[in-house]
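Same chain, two partners: chain A is paired with chain B first, then with chain C.
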Partner chain A sequence: MELILATAACDPSVDIICAPANVNELFEFREAIFTIAGFPVTRTVILILSIALIVSAFLFFGLRKKSIVPTKFQAAVEAIILFVRDGVAKEIIGEHGAKYAPWLLSIFLFILVGNMFEVTPFINFPVTSRMALPVLLAVITWVVFVFAGIKRQGFGYFLGIIWPSTVPIFLRPLVGLIEFFSILILRPLTLAIRLFANLVAGHLMLVLLIVSGWVFISSVGDIGARAGIGVAWFVMGLGIFVFELVVIVLQAYIFTLLSAVYVQTSLYPEH
Partner chain B sequence: MYMALNLILATEAVTPTAEESGGIDLLLPAPEELIAGLIAFSIIFLVVWKFALPTLKATLQQRQDAVKSELESAEKSKQEAATLLADYKAQVAGARKEAAQIVADAREQGEAVKADIIARAEAEADQIKARAHEEVLAERERVAGDLRRQVAELSIDVAEKVVTSSLDAEAQRVLVDRYIEELGGVR
Partner chain C sequence: MDQAAAEALAGAFKLVGYGLAAIGPGIGIGIVAGSAIEAMARQPEAAGLARTTMFLGIAFTEALALIGFVLFFIA
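Right, the complex of A and B next:
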């Protein structure tokens, strides 16, 4: 509890909880635990780097045996990889899909594990609710789909966006403008904000319900039976916990799916 | 959010500190997190690209090959079994035919032996009959010869008696009666 709300200066022996002065303090852990050559290693930085470790370990231990008859763990890892490779990359992008599978699978696993930190005991903090990660991934997706379009169609890719030939000529400037904003600016922005907002909202709900529950229950000496409200908050918090598990997987999937769709529209604009 | 928290915490009379930087900070990516994210993503991408996908591809290929070869060997075994079964069936059919042949041969032989025995028995019976017949004939011949000789002797006797005694009517009748009696005794 102190870990989450550690920033406000207060006396834990007097206050039940150290209330944050600002909502940002539920998300910002900018104090460097230590620095490497001037680079501040914060709690969030450690968590982000540990995603790489977890994903690598997951893949390594899941795949190293190459058994003909897979263990349950191996089968699960294979199922996830095949889900992204076949279910997303090949299914959405088509014949060139397999080429984009490493990128899509990386995005999926990175977001999934980053999101999972939201409901991981003792971590309880989705690093994907830090704008840095959604922005980073959205920019990568933007670069990939723009380059896919240029590689496939040359600079006709941009021309196709701002001067869409399938639209009546008098509407082309308007539609072209809308398309330009929609594809090149709104796409990465919405991609980033969707992920960010979902995880921020989820984290806030969990913090609110569980902290409220904690406050009420531990005030039982002062407020008597009314402290029972805290139990309701806790139960609700647990319900949201399950709901968040769904959101975690769904958001990772949606980000990956939309990235694939964007590449597909760059490769085959006629569709 | 801040309001809501305060509402809940109002009973505790916690006074929030004055510093309010506003929510906008939340929307700006922190540079160190951006760099950490880039490093983490690069590592994941490398692992996925160079290890995970090729390894999985190899594993799936291996699995596919194994299944294929299993199926092929199963098919081969099936064919072998079918050939073997056909062989056995042919063998059984051959054996059955042979057995039938043996039985038929035995029966034929039996019949032949039977016919032979009957023929031989008949022949023997005929032979016995013929011999008996011959013996009977010979006996008859001998008896007839004897009879003839006795008749001759009797005739001679009678002639002698006729010659030696008087030949009255009474005497002749007695003589003839005796002769006839003698004849009857001969028979």
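Right, the complex of A and C next:
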């Protein structure tokens, strides 16, 4: 409803495309719905907490009765867990990767459900399009892969980054500088921006197309046959909906995959 | 130049900037996906490995376009 109000300034008899007047609507913080002990609770916070509930319930009810012949639901849950454990953790990190599987599974399911809110009717808001959440997830990944490196190689991990011994000695300062920036700064930054920008872009496309369609079709009395453009916007919006479903799953997968790759490179720097 | 015209011009430059930022990653993703298809066709038994590597390559390449997209909003 708020999104529809954003186009109130749009005059469909003049404008071809009705863009929300203020795109910053997506980035601004809304007022808190209520406050618990000084912590303001916004819609985003409620959605984040509901992600935790949904994921916990999904895993709990899926794995409650571990029968030999699984029900369909249990088989689906097990398929996702096996996909993350064998397809991501063991394949990327190696045999010892199963240790990281619970963390990767949490990241995967959290981002997947958070992204799914983008196409859930009546919610239509990907929680991961708030920059705070991708940044938090990227910082967690950063902490995990830096600590994995320190645990395995000691402080030689940092030495290996800024003074790489496989490079000719006169190139080491330059390569070390580039490696330092790319591993410790650019990695978490791009990890966060990738998730954030994909979801914002998808959300913007959906909002523009479907809201434009709604504005045009609903003003059929004023502008006559030109309202037909709205049908085209609407159909395109539904096409983007399907495309976004693919993006949602792919982004959750890519975030998990890249986290695993980063852990792998800090565990086995020779590869 | 008055204020409104300057803002409109700035918006137009942002759009051109994003368009330029999308050229390189567009070509790059094409190369990555094309090579992955070639690898899968030559060696179907290694398709899983090629697919995983393709997603990784796309993710790294795509980052540049997405940084351009974010700069479009904050510039």
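What to note about this one:
By definition in this document, the second predicted complex is superposed on the first by the 247 of 271 C-alpha atoms of A that agree within 3 Å, B and C clash if a C-alpha of one lies under 4 Å from a C-alpha of the other, contacts with A are read in each partner's own complex, and residues count from 1 in each chain.
As a working rule, a residue touches a chain if its C-beta (ideal position, glycine included) is under 8 Å from a C-beta of that chain, and two chains touch if they have at least 3 such contacts.
These numbers come from a predicted model, not from an experiment.
Taken together through their common chain A, the two structures put chain B and chain C side by side without a clash.
Once the two complexes are overlaid on the shared chain, A:52 sits against chain B while remaining clear of chain C.
In the superposition on chain A, A:40 makes contact with chain B only, while chain C stays out of contact range. By the touch criterion defined above, A:78 reaches chain B but does not reach chain C.
By the document's definition of touching, of the two partners only chain B reaches A:110; chain C does not. Judged by the touch definition given at the top, the superposed model places A:102 against chain B, while chain C stays out of reach.
Once the two complexes are laid over each other on the shared chain, residue contacts for A:159 go to neither chain B nor chain C. Contact with chain B, but none with chain C, is seen for A:63 once the two complexes are overlaid on the shared chain.
With chain A as the corner point and C-alpha centres for all three chains, the angle toward chain B and chain C works out to 100 degrees, nearest 10. The partner of chain A that touches more of its residues, comparing chain B with chain C, is B. Once chain A of one complex is fitted onto chain A of the other, the partner contacts of A:171 are absent, as it touches neither chain B nor chain C. Taking the two complexes aligned on chain A, the least Cα distance separating chain B from chain C is 5 Å. Overlaid on A, the two complexes show chain B and chain C touching the same residues of chain A, namely 23, 27, 196, 200.
Looking at the complex, you find that chain B touches chain A at residues 1-2, 4-6, 8-9, 11-12, 14, 16-23, 25-41, 43-45, 47-49, 51-53, 55-56, 58-60, 62-63, 66. Listing the residues of chain A that touch chain C in their complex gives 23, 27, 91-92, 190, 193-194, 196-198, 200-201, 250, 253-254, 257-258, 261. By the touch criterion given at the top, residues 52, 55-56, 59-60, 62-63, 66-67, 69-70, 73 of chain C touch chain A in their complex.
Those residues of chain A that touch chain B in the complex are listed here as 8-10, 15-17, 19-24, 27-28, 30, 39-42, 44-45, 48-49, 51-52, 55-56, 59-60, 63-64, 66-68, 78, 81-82, 85, 101-103, 105-106, 109-110, 127, 130-133, 135-137, 140, 196, 200, 204, 208, 211-212, 215, 219, 222-223.
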